[in-house]
Amino acid sequence: MSFPADQLIPLQSRIIVQTLRTVKKVGDVLLPETAKMEDFKQGTVISTGEGRYSFNGSIIPCSVKPGDRVLFGNRTGMKLSSSSDSDYYMLGDEAILAKFKE
Amino acid sequence: MSFPADQLIPLQSRIIVQTLRTVKKVGDVLLPETAKMEDFKQGTVISTGEGRYSFNGSIIPCSVKPGDRVLFGNRTGMKLSSSSDSDYYMLGDEAILAKFKE
Amino acid sequence: MSFPADQLIPLQSRIIVQTLRTVKKVGDVLLPETAKMEDFKQGTVISTGEGRYSFNGSIIPCSVKPGDRVLFGNRTGMKLSSSSDSDYYMLGDEAILAKFKE
Amino acid sequence: MSFPADQLIPLQSRIIVQTLRTVKKVGDVLLPETAKMEDFKQGTVISTGEGRYSFNGSIIPCSVKPGDRVLFGNRTGMKLSSSSDSDYYMLGDEAILAKFKE
Amino acid sequence: MSFPADQLIPLQSRIIVQTLRTVKKVGDVLLPETAKMEDFKQGTVISTGEGRYSFNGSIIPCSVKPGDRVLFGNRTGMKLSSSSDSDYYMLGDEAILAKFKE
Amino acid sequence: MSFPADQLIPLQSRIIVQTLRTVKKVGDVLLPETAKMEDFKQGTVISTGEGRYSFNGSIIPCSVKPGDRVLFGNRTGMKLSSSSDSDYYMLGDEAILAKFKE
Amino acid sequence: MSFPADQLIPLQSRIIVQTLRTVKKVGDVLLPETAKMEDFKQGTVISTGEGRYSFNGSIIPCSVKPGDRVLFGNRTGMKLSSSSDSDYYMLGDEAILAKFKE
């Protein structure tokens, strides 16, 4: 059961991120470069939820927006779906460590 | 003891979701397609509670409304009841991961 | 030591619920239908406490009122007392999952 | 070391409750009826503290007052002292389950 | 290393309590009456801190004041120092169960 | 996969710190002085996030700023990347123990 | 790696305390009097952070100031550095039990 990530609207303070799978050529075979035991992943924000509620009910917006290039821990997030060259992850806003300068 | 889901009003920030069981034909026998070890389920929101109280007593409404098509984790929620083609689950609002664009 | 449930005023956000024991006839013997390993119980609210205090000391009323027919988990609540055809349970307001439409 | 309960002023949201020991006559010997493995105890409130502080420093008064007849769990509270026919317990306000209608 | 308790100003919501050691005469020898495995101790408040901060930064004063005779659990508090007839304990305000009527 | 630390903007209350690797000459070989089992590390703040949200949604800025020389525990923080003479760590603001007087 | 304590500005609600090592003469040898398995240490406050943030973002200052003579538990705090006659510890404000009257 796959979910075209771009059809989804994440809720509350969740974020959907697209990570491009880099590809290595071995002979004629294109091998997806599985992320070596790296600590981090890079990706682009596809969509974000409204944000989370503070204790008194006001909304605290997500700290990133669609289009931001971001860094997150390798073992964080749930894989939503995959396409030929990309994986789509759902993460909480607080799991996004940093964004790259534009 | 079964509960016709549509007779229930979930309380606080609970949600009732209907998931359609997809059916596979094996010879002449209709076999419900048990969800393979998928991580997610899709379904339609039947009803929601008022929402949850923030720390200072104001109400934070649920993030989905009846009719929304939603995505939630496969192992979340309590199965309330079943009908011929559907199952009805009760979940907390925070367990709904995303909703599909209309 | 039994407590006539109707003499009790539950405190804070507690609720007292009466559940009718359905009875099955086996030959001439009336056997109380012990709830098979069901996940839920149905019952009628007898009385509720004032509600619970939010963080800033305002009162958040209970989400149900006497006379509401409600649904709660089979293993939640403390059995207060029993009569010929009913059991009386004390639960916290947050343990009541849903109420039936009137 | 015994403490005449009526000389004590419980602090914050603590309550002192007097429970009467029912007595059974066995021959000529008065045997205190030890509470069979009951789930609850009944008693009368002797004194209460001012109440507890909410998060923003306002006081939330205790939910019972001296003279109320109350119900609490058999294994809750600390036995402060005993007299010929009574035991005196100290409990937190939130451990009092219900009070009896006057 | 001993600390004359009266030279200390406890901080935040801490309290210093002096408990008198009752003494039993065995023949000509004065034996300190070690508290039998009692649940409680009695003592007099020597000094208190300013109090604790509520969530919004206001100060909640201690519930006892110097000179109050108080009751606390036998296994609570840190022994600061001892003199010939007394022990000095440091406790948190919330560990003081009750105070004796003056 | 390495991340030029200066291209990153840490989010929320995260900080990026550069620590210089001191180098020891053994014969003609320059050996990076691996930090002996020290408890602390020193480094210079490269960039900080906006800060963290208090309970009521106001922002509490980070306690250090780019250029501050700071002290933090040896086992805290995630190593982001390394260059010839430096390592770059990402830490939470609350993990920075002290800063050196300018 | 040693840190001259007086060059450090502790952050948030941290405190730096100097404890004098008392010295015992054994013959002509000056032996630092290792604190017997005492429960407490005494020392002088060298510097304090700004304080900690309450839930709503206001600052709660530290309860001691430079120059105060203070008491803290023997096993609390991190040893920052040592000089000929002193040790320097970093503690959280809430770990300081009491201060000595001036």
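The chains carry the letters A, B, C, D, E, F and G, assigned in the order they are written, with residues numbered from 1 in each.
Keep this in mind: a residue touches a chain if its C-beta (ideal position, glycine included) is under 8 Å from a C-beta of that chain, and two chains touch if they have at least 3 such contacts.
Predicted, not measured: the structure shown is a model, and the values here were computed from it.
> Give me the rotation angle that lays the C-alpha atoms of subunit A onto its copy subunit F, rounded to the nearest 5 degrees.
In short, 50 degrees.
> Quick one: report the Å distance separating subunit C from subunit F, using the average Cα coordinate of each chain.
So the centroids are 56 Å from each other.
> Taking each chain's centre as its mean C-alpha position, how far apart are subunit D and subunit G in Å?
About 45 Å separates the centre of subunit D from that of subunit G.
> At what distance in angstrom does the C-alpha mean of subunit D lie from that of subunit C?
25
> Among the residues of subunit E, which are close enough to touch at least two other chains?
54-56
> Quick one: what's the order of chains around the ring if we set off from subunit F and go to subunit G first?
F, G, E, D, C, B, A
> Touching subunit C in the complex: which residues of subunit D?
35-36, 38-40, 42, 54-56, 58-60, 63-64, 71, 73, 94, 96-101
> Would you mind writing out the residues of subunit F in touch with subunit A in their complex?
1, 3, 7-12, 14, 16, 49-50, 53-57, 78-80, 90
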